[in-house]
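Dumping the structure here so I can ask a few things about it.
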Amino acid sequence: MSAPSVLYDAPGPKARGRNVGYTAAFALALLAVAWVVYLKFDEKGQLDWTLWQPLLADGRTWTEFLLPGLLNTLIAGALAIVIALPVGAIFGIARLSDHAWIRTVAGTVVEFFRAIPVLILMIFANEFYFLFTDVPADSRPLYAVVTGLVLYNASVLAEVVRSGILSLPKGQSEAAMALGLRKTQTMLTILLPQAVTAMLPAIVSQLVVVLKDTALGGAILGYEDLLIQYRVISANFANTIPTLIVIAIIYIVVNFALTQLAVWLERWLRSRRRGALTGPDPDMLEEQAPGLDLSDTRKGQPVSA
Amino acid sequence: GGAGANADKPLLDRVKESKKLTIGIKYDQPGLGRRTPDGKFQGFDVDVAKYVAKELGVDESAITFKETPSAQRENMIEKGEVDFIVATYSITDARKKKVSFAGPYFIAGQDLLIRAEDNEITGPDSLNGKKLCSVKGSTPAQKIQKDYSHEAQLQEYGGYSECITQLLNGTVDAVTTDDVILAGYATQNSGKFKLVGKPFTEERYGIGLRKDDKAGRDAINKAIQKMIDEGVWKQALEKNVGPSGYKIPAPPEITEK
Amino acid sequence: MDFLSRYDLLGAFWVTVQLTVFSAIGSLVWGTVLAAMRVSPVPLMRSFGTAYINLVRNTPLTLVIIGASLGLYSTLGVALVERESPTFIEDNNFWLAVLGLVVYTATFVCESIRSGINTVPAGQAEAARALGLGFGQTLGIVVLPQAFRSVVAPLASVLIALTKNTTVAAAIGVAEAAGLMKEMIENESDKILVVFGVFAVGFVLLTLPTGLLLGWVAKKMAVKR
Amino acid sequence: MTATAADTPMIRMTGVDKFFGPLHVLKDIHLEVPRGQVVVVLGPSGSGKSTLCRTINRLEPVDSGVIEVDGQPLPAEGKALARLRADVGMVFQQFNLFAHKTIAENVMLAPVKVRKANKAEARRRALELLERVGIANQAEKYPAQLSGGQQQRAAIARALAMRPKVMLFDEPTSALDPEMVQEVLDVMTTLAADGMTMLVVTHEMGFARRAADRVVFMSEGEIVEDTAPGEFFDAPRSERAKDFLGKILTH
Amino acid sequence: MTATAADTPMIRMTGVDKFFGPLHVLKDIHLEVPRGQVVVVLGPSGSGKSTLCRTINRLEPVDSGVIEVDGQPLPAEGKALARLRADVGMVFQQFNLFAHKTIAENVMLAPVKVRKANKAEARRRALELLERVGIANQAEKYPAQLSGGQQQRAAIARALAMRPKVMLFDEPTSALDPEMVQEVLDVMTTLAADGMTMLVVTHEMGFARRAADRVVFMSEGEIVEDTAPGEFFDAPRSERAKDFLGKILTH
């Protein structure tokens, strides 16, 4: 069951009464804040229908600006994940190699790109493509955004894959070797498939991070992602704040759907193969730090299992 | 687009062959270059672009407009991704090392946009203790701090729309950039803003094209002159930025030859 | 490499460090409060915690920070420093950026703490309750001390992600490292490899030691089971 | 103690039902454990033995029925519930020693925090109890440094530190290496001999035969048999019990 | 098979030493398991039983000494080692079935991947083996859907699929619920009766008595006794064995 239930007892009548009290007080506080926000927005004229009409009642705003922007965001995100996944898997496996030099090289590359802000990777990639390649200006922002995202996310996914493999019970590889499978066979037929399945929720969650980070590219490089659309929309309707709110809601809805997909995947995997096969908490993998080996700090059985 | 095998040829040859043009503009500048929800383009820069195109013998329907962010303009011309750019593009010596300019087709000046009821701010030197907004990395705002009002506070954003929001909300006192750009915003938010009307620099907007394409530049210059002479130039300005009360300046003299 | 001396590199990284430190403290506090809400017995608080996490985590940080500036300050009128100060805008932007980073980062802190609580086997809390310890005692004496030890590593990740995320403060004009890098690249387009190298090394120097140190601390502190 | 007090059973469960979602885990349970008796609960995996044990100190609330400990119905919450739990010692299969505290601290913790005992006094008594379960020399170690058998004995000492009126054991030896089972059973046997009231879920048939006053056999959430151990092992009445014993005793 | 081949023991360990860091886990081990014999290894926890078992197919490399399987010294690595491992079946305490494959796929995997057997043929044989261990009807399920006893029987079938010359069992029943122990022991007893050479680490004394040809008793990394089961249980020679049996057999 969920974490809270082990921390405290099933509430009795008094506890239930107290909870109702807290609920009421908390609800009042929330309502008060909402009311102040409403008044202030009204006072500054941000609730004028003329500002909201183009967003809420004019399909053209959506077909011309918002949806193409969202599509661009999704394209960059999907490309980044699709490229980062195999690259990450290779680096993740390389970090588990028996040869010290392969481990060292792979480790250094991964740690380096995890240490640098994506934004800086994107700016650099953009200049790099400009100076040294013939990538046309219209696609250069896309290239730069995807490159930045791939460099960073491949390093993160390398760690996801590595910790996924390490988190598999040792018995799995021992059993494979005891049957006479070679090291590569064991990795490819036993370890990797299980690690990747166990990691699927983490990978889907990573997509959320990628979609959010795409917005960095819009602001700085002029990639026509969802967020940057507020400039063009407010150039038409002078409604910057309502536009930003609507864009935020689109992000939240899309990312929430993805998060739910990850949760659902996780449950589905759990229900299919109880026990052995669950990766680290997908929530936690998305922001990983260089120099940290998460694979052995996550042991200990979770309460929810 | 204009890229490809064609890209190296002079503008006029390309036009003659393809009867098409790819023109760089801004998408998010009300009054100058703005993409509308209908997928069309509006503004003074757009009107200039269309007029020039017409003079070069290209039908309006054969124009492809392409967004050219400020930092990318020289690159895009050099790589032949646009045929020319009409996007509040100031003629400077630094830029002339990389591209050629036709025009100027307009002479703007840096000015201040303030709230309509504001009577305190009268020019760049009355900004001490005031809050001034502009876009990141733009020299105009820093110029005010340095040359006029040392105690002005500066807010920088990625785009002007954030500045305009703050000006509306009363959390900054003035927005600064070229007067004609400000006039676009004043038109868009009719009645709420006014321009101070004392420009204190000179920004000569040119049409940027490939370096050393003399024939192309002459043809564009001829078109600009014709637009001015026929009065289309003035009409275009009146339509796009006139409603703000912005005083339309005299047409410029074409100097880039 | 002379051109480097023309820019205030140290100043920009100093702003980055300050943003990181203040945001880290704030997110630790707010994140802990959120985590407490998420495990609290009051359903509305739990729902609020969940809703907050879902809303904020799914929004790009750039939007959160612009929202702090245009929404919270400009529209709602909440200023974070003395309005009459001659450096009001600069200081206010700094603190708005810190606030935005706190609002955003706290969601990750909250989830780290929550998963830290989850790494404490259920049996520990049950044994405490079976001995007659109350909710507060169970949490304070048995669960949290163990949870905090297993939370060091994930919190270190969050701290490092935060360091990198401070670059987004440039969106409202805070003069930190990424803003300077952009400016330098525009001005020194022929030396971009050097510029990139300088900033990459700067961030590696900020993040890698933190990660190594906290990773070591995490291993030292880990509860042996 | 008055005569009535001596008559009241230490644990009385009347018509207890418990559901996990749709799963009916305890079905109309009636059970009494008189003062000083040792009752062993047997049954196949999933039959509800652990759940039964856990309802008695309300680690699991029940859906209907009444549970009384020493004549008092189980309080629903708060201080009263905590006080009752302090009177009911519990030993878990997984030991559940507090991993971040030494053995001595584990044993002292509840007396100090719940009973507000004096620290020095609590410590003295903790060492006494550790002596009694035979691990006084391990007092300053952390749980992870001890063998399973030692950990479980420490857990028993921890429960005893609250001077409970009754002790619940939920498979206390199932997680142990075979050589360590006996040392824990020995401690339990001594405890039983000293007159402690005990409810023990276990698969150790030897212990059940030797130490139990009664054997309760559960299957699918029901109490199927409730008899003397000799009778149960030698002449089980129900088919289910026969089947269970057949599987357990052959090896 | 030639006469000499029949004479060579299936497993021969000569002067084997094994260290984990400073820990001397196997001390000068000499052990022979003749063709067709069932040898049970007993000993307290940590005495090195598992390590002994795991050195025989080189899951743990040894530090000195020689291990021969069917007359061949253990190859150090590569193809030869893999081939040898395929000849030595191993069954683990934790079953270690491949969680992402069905039971049938688990059993087919090694014949197909290692022996390059035809898939249909491998499948036919897998079902045959599952039939033999009594879980043919579970072939299409995933391991997690089976009880522990069924999983362990599947693991035995998986090892048998390679037609091994010898089978190693490392506490095959310790992770099982008591009701499931017997079904696994039954399979092992049949296997022994069919003439399989087996080395079995176990705590199941009943199995040792009934099925073993020899009992090897280990303590602190040494082989302390190596005798017939009857002799070992009824008249252990060493103090250590007496002590161990005392602990194990009382309960």
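In order of appearance the chains are A, B, C, D and E, and numbering begins at 1 in each one.
Just so it is clear, contacts are C-beta pairs under 8 Å (C-beta built on N, C-alpha and C of every residue); 3 or more make two chains touch, one makes a residue touch a chain.
A quick note: this is a predicted structure, and the numbers were derived from the prediction, not measured.
Engineer: Using each chain's Cα centroid, which is most distant from the centroid of subunit D?
Structural biologist: It is B whose centre lies farthest from that of subunit D.
Engineer: Comparing centres built from CA atoms, which chain ends up most distant from subunit E?
Structural biologist: The chain farthest from subunit E, judged by C-alpha centres, is B.
Engineer: Identify the chain pair with more contacting C-beta pairs: A-C or A-D.
Structural biologist: A-C
Engineer: Which chain would you call central, comparing Cα centres to the global Cα centre?
Structural biologist: A
Engineer: How many angstrom between the C-alpha centroids of subunit D and subunit C?
Structural biologist: Measuring from centre to centre gives 46 Å for this pair.
Engineer: Suppose each chain is reduced to the average of its Cα coordinates; what separation in Å results between subunit B and subunit C?
Structural biologist: 40
Engineer: Taking each chain's centre as the mean position of its Cα atoms, how many Å separate subunit B from subunit E?
Structural biologist: Their C-alpha centroids are separated by 83 Å.
Engineer: Got the subunit B residues that touch at least 2 other chains?
Structural biologist: 71, 158, 162, 165, 169
Engineer: Pull out every residue in subunit A that's touching 2 or more other chains.
Structural biologist: In subunit A, residues 9, 11, 15, 44, 219, 240-241 touch at least two other chains, as defined above.
Engineer: Out of subunit C, which residues touch more than one other chain, so two or more?
Structural biologist: Expected reply: 66, 70, 75, 77, 121, 126, 129, 171, 182, 223, 225.
Engineer: By the touch definition up top, name every chain pair that qualifies.
Structural biologist: Those chain pairs satisfying the definition are A-B, A-C, A-D, A-E, B-C, C-D, D-E.
Engineer: Would you tell me which residues of subunit D are touching subunit E in their complex?
Structural biologist: Residues 44-45, 147, 177-183, 185, 203-204, 206-207, 244, 247-248, 250-251 of subunit D touch subunit E in their complex.
Engineer: Help me check something: in the complex, which residues belonging to subunit C touch subunit A?
Structural biologist: Contacts found on subunit C: 38-46, 48, 54-55, 57-63, 66-67, 70-71, 75-77, 108, 111-112, 114-115, 117-122, 125-126, 129, 135, 138-139, 143, 150, 152-154, 156-161, 164-165, 167-168, 171, 178, 181-182, 185, 189, 192, 196, 199-200, 203-204, 207-212, 214-215, 218-219, 222-223, 225.
Engineer: Quick check: in the complex, which residue numbers of subunit A touch subunit E?
Structural biologist: On the subunit A side, the touching residues are 169, 171-172, 174-182, 185, 189-190, 193-194, 197, 272-277.
Engineer: Can you list the residues on subunit A that touch subunit C in the complex?
Structural biologist: Interface residues on subunit A, with respect to subunit C: 3-4, 6-9, 11, 15, 19, 22-23, 26-27, 30, 36-37, 40-41, 44, 46, 111-112, 115-120, 123-124, 127-128, 131, 208, 212-213, 215-216, 219-220, 227, 240-241, 244, 247-248, 251-252, 254-256, 259, 281, 283-284, 287-294, 296-304.
Engineer: Which of the residues in subunit D come into contact with subunit A in the complex?
Structural biologist: 58, 61, 75-78, 81
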